[in-house]
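Here the chain labels run A, B, C, D and E in written order, and each chain numbers its own residues starting at 1.
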């Protein structure tokens, strides 16, 4: 484990809920984790399990109403973000902590030129002339491998392809060299060669600046290649946390196990691809009417009586490998 | 104190007159601003409220005389009078003016509303530059009264009617400066005026403000020295008094009769019973109390005394059906007449009351409709745009019409011939009674005032009894000015004749 | 961290409000102003419908004896110069003013929506032609049209409604068109195309609902402003003719003469107009918020 | 493969580039620059390539959602390139698309249920209760709960939205589904569900897919044949096995080598190709890839390689080895 | 784009032509002409004189011929003479246009400069007391009949200051000029501002929930920057539309204000001219207004493209 001083972000018992007309929606329920300097923490999980809301909570950008952070603490470089007033928080956002949003199409202002949007991000936190900012913006676009960055900087989002928009988002997020970067599925719209470049780029910058990186992704391949540690979420809760090696070697939660099994592989020569992929049957339960016990129990092959009655606590199964399952030790064997 | 020289009189104007040529207009919107530009041959004394024969004084004429068995009226003209453009005034100008009015000259007015005034004039003759004679077909004493009206200025020969409409040239105390439609009219002192020491004012400025409330507010705020004459309604007068207690206000009749024109050429009003019933149903006091808070006059065709010269005395008036004091009794009688005509509580008569879309027309029409309800008549208001009003009336495309008739001079000739003689263009009801028409001529030729009055009363009574054009009331309106404005006289039996303004001055 | 009362928050989000009435009640609490607007509008509509039962006097009966009476118990809002009961006239006036307001808004709005949608959605030549026509309509000032209409046909209720509705058309259609132009480029419209929807249906199902917010705001604003336009027309002598009591005319004609001497003649119709306009707009704003799915939490 | 369902020949789509106050056209984006392929009934053609290389444009052109600049699209032998909107409408039933951007392609004011049910309603295939049950079934098929039918799009997570889109496309039971990155927003387990679903549907009903994705593993899974695009053109097209086993175009090779492997012990993130992606406004002369290609020759700068058969229907556009590309 | 402009210009001409036809024939449909009115006002009906006058004014000719004369004259810059004042129509119209234009301009300025910021604030603070207060105030602006508001202003100023702002045709100082126009413009602008505010609010609410607003916040942009820079620019389209409509409306719609404040602008003049059936004035004035409106619409369309790069006018 990293030393205390190296900790960039410490999230403790974060709870974010949505007050909706159909009831209380516990999107993030008691989630804790830390990110140290230069570390990459990956968050994976079923879609809709609260990854993005967690990220938004860190930025304090959960739409209110209906959303509200109702508990826990978020400590960035020693300051409790949840205690800051809005002005102080603004100085932090985009500067010390920044985020790459999931949907690049709607996350870019359609009536502003790409360049201007980056320039704005830079100038908000750095006292430089607009000319300098502009050259930084173009530089950032070049860094994220956008061809003809000077011209593209003058274009509007709708004139770019999806991938380019995503890269523009990345450029914007990195423009201020933040201490913590949250990347919410930053490369889903990219082809693998560019994805490799971008990830390499992010990791380079991370190394150079000691940026902590929270990487939210579905692509376990990306997780394997980039992250040091992984959190697996399910229905708003953290169900497993481990170093990447440990997780891939021996997942301790049946859900993680199921995820691993679902990964399609590029057929190596000679090996014919399986016709169907393994899948986890069933769907994520509604976050309003969560079962009393383990939320995964209805889909779990290993489920026992106890799972339905009692939520399993996150227990350390050795070497900082946390998992919330009564039968964590059997997971690897069963499969 | 003694009149002071100087100052510009600021007045608002109620609307924008179509043009600047008095002879081509029939509204005092034209007289008020342009009378000061002109002179007449003779004029009613400007400092006396009541227009009377014996109040007529010479103006461009130095004197006049009736000769030739009262069939010729000869004027001796003032010498040395100059038009505003410097040309001398002569008898030729007088002849030109009246020839044109009679439609006898080459040049024509676009419209000539008072042509009928000169029906009895054969021709105009001049004798040298400074004598002119009106040769009549028969004696007509009241011709002088017509000539004394503000509607009868003398025009210069050398200016075309068209130019007179846009830039009038006169001999009067003030010169025309400019007329901006919907905006303002400006007059300036005629330094060459033939009357020594007049006018007192340096000029007159009219600001055109069609919206009454704005205008009154502006007056109250001191933006104007005077309201437009006779344009302050009784409710507004109270308002002015309360906000500007120092203002001088007078309320005078303006010799405008509100009357009903009845289409007797078509059913149902071709039936004299229904016409009578309608006349009987009128509660004139109610009209007056609503419209004027009591300050109006009940009368016949002629403006009632004391302001009017020719109106019937009260006792005589009350003998006419419908004028009796007991309204309920009248209405009972009216109901009987209606029942006789076949109407009753379960068979109402539906009529349309047409009128112009102006409050002074519309309001009495609303009252009329309400009063007709009491005798089984269901009236419906039919508001007609001014542009279509006269053609509609002329087409006889109406049943009842609510109309206002203004009299330029308080004289029976003007009123009777214009409104009640067979075939007259303004006889909208087509009322035609040859016997009465003979009486018109008799009174017209009568030189003895007392005798003539008797004749006029009888005619007036007959007209009311025939329900030719039932007169509802004679209006009164107010005029106000600031206390420092002196020498203003508002005429009490005409609203067309008192605007020369050469005696007005400001004590500032 | 201040303690958060989950119940209160949930209540605020309307979680308890399930089922018809509770939901309505919740909405009323959430949109107090809108509920007030709805109440006002409903009251006025009811008043208009039951005017004959509510009014205590005949609105047209003239009585010189009681002219210009101050508000008393007998005449709650006094009487006008004709001695007509102002309260009764306002009650009956609701009919006319609401007929003008609702009638012309509905007429102008419907045509405007159709024109705007077609124009914005189909674009191309249709758009150009429609826009030219609405240019033509717009370039003819409202009052020119009203003057011409009343001069040609006489000032009657239907004519006033039509005269007021016509200038609404370009206004509504332009707003709708502007919105449609932007919406047309949205991927969900493309998605609708891809399932083989007819253009017409796309316009109605996908484009129109997304222009509803501005449309409602506009329509309720116009509902109010048409009542005012009628008042202005009356001010110019072109509104609903006497003796029928439209609020606008009651106000505009008394305003000049009686504003100081008999203020009740001016105050009450003024309040009626303002309240109606106010109610329509408040309700419109709330409706806009309620219909916006993203506001529902 | 059996009969040809879709045939695209020499498809081109150019967008004008404008600038200045008067917005004069200063250039052209050659978004798609001469693409030809065919797709048999019951077949899946994977389409991969650089982002911005024109995949979505191809997809939308096929459905006539954008008007192609030139070229021909035949569906079932019928040329639909120039059909009028009305004439095209019946054909829409047989081809559907799942959009790349799920949120934007969902009407924010309609509930998910209405969105999915709409195609059925439009084509009059179901109404009332039946519509509801069919929608519920579709929800289930794509792994959504049927109680989510009355939610609005903004209440769903990204992956859930994508599933709504898939359900909508499936509703009509089309013969051709163009999937523009249908699973890129999904987590692997759902992705597996969706892909299994697509495969099952294909088996059952003989659907054809034009399947666009970045994830080569997914493409490898579902496709029979795979086309690789680069800058508006297809640079390689072959049977899946052939392509993955024996990629011939240097770009394809780079792609395959860049796929991250879900094994933390086998780290290999070093990008294999470098350099800027060229712009489709000024595509490089000759072979568009030559600016990033390690094996580029002098010829590549001037000569544009045609898509040639390198044996067994494995077509490649590369000048290496006499037009057969680089063998590994 | 150039082609678009040329076509647009051509279409504007088509529109103007349409307006000329509509106004010409509409006017003729209305019963009564200047001659009727002149003669009616004098209570005097002499068919021969009437016919003479009709001939003199040329309104006895077939409509097509009259239209042709008008249009040809119009194109040559010959606008004819007012039937009423008998002065050249141009001389009557021209001095009034700047008056109304100034008034309308000021009212729009008032409307935009108050309505837009308040709309933004109200949207941002949706549901708060501030939002309620602003909305109630703005609604009261929409609820007051403008003549009523105008009269109120006048009455109040007389009652309080014993003075009233009445039109001053020759303002000497800049301040006087401002005073002359400011109060009436404010009276009109109040209503207009209320409308602008409501549209802004509604449109802003739509935009504020968009993802890119969140992005802007994530950059650390201040509320002001988010609201005015990011959101407003996206929300402005309907606002521009409404302001454009108001602009067009104001040119011909200031009549009530011009009446109450007694301002000699085109709107009141136009009504007066219609009352008189003064065809040369009405026709030409309507054409002038039409030109303004058509250009206002054109400007709005161009502004769309300026504010929203997704809108492009091609071919």
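Going forward, a contact is a pair of C-beta atoms (placed from the backbone, for glycine too) under 8 Å apart; a residue touches a chain by one contact, two chains touch by 3 or more.
Which chain is which protein? Per UniProt: A = Peptide/nickel transport system ATP-binding protein; C, E = Peptide/nickel transport system permease protein.
The structure displayed is predicted, hence computed values, not measured ones.
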By label, the chains that touch chain D as well as chain E are A, C
Result of counting contacting C-beta pairs for B-E and C-D, higher pair:
B-E
Measuring from the mean C-alpha position of chain B to the mean C-alpha position of chain C, what distance in angstrom results?
46
Roughly how far is chain A from chain E, centre to centre by C-alpha average, rounded to an integer in Å?
54
Where the centres are mean C-alpha positions, what is the separation of chain C from chain E, in Å?
21
For chain C, give me the residues that contact two or more of the other chains.
151, 185, 255-256, 259-260, 294, 296
Per-residue multi-chain contacts in chain E, two or more chains:
30-32, 151, 155, 209, 259, 275, 308, 310
In chain A, the residues touching two or more other chains are 103, 106, 158
The residues of chain C that touch chain E in their complex are 32-33, 128, 131-133, 135-136, 138-144, 147-148, 151-152, 167, 170-171, 174-175, 178-179, 181-182, 185, 213-214, 217-218, 221, 224-225, 228, 231-232, 235-236, 248, 251-252, 255-256, 259-260, 270, 273-275, 277-278, 281-282, 285, 288-289, 292, 294-295
Which stretch or stretches of chain C touch chain D in the complex?
186-188, 190-199, 201, 205-206, 209-210, 212, 291, 293-294, 296
Would you pull the chain E residues touching chain B in the complex into a rising list?
30-32, 36-46, 49, 52-53, 56, 82, 84-87, 92, 151, 154-155, 157-159, 162-164, 166, 169, 259-262, 264, 268-269, 272, 275-277
Chain B touches which residues of chain C in the complex?
60-62, 64, 67, 81-83, 150-151, 154-155, 237-238, 241-243, 253, 255-262
In the complex, chain E touches chain A at residues 209-212, 214-223, 225, 229-230, 233-234, 307-310
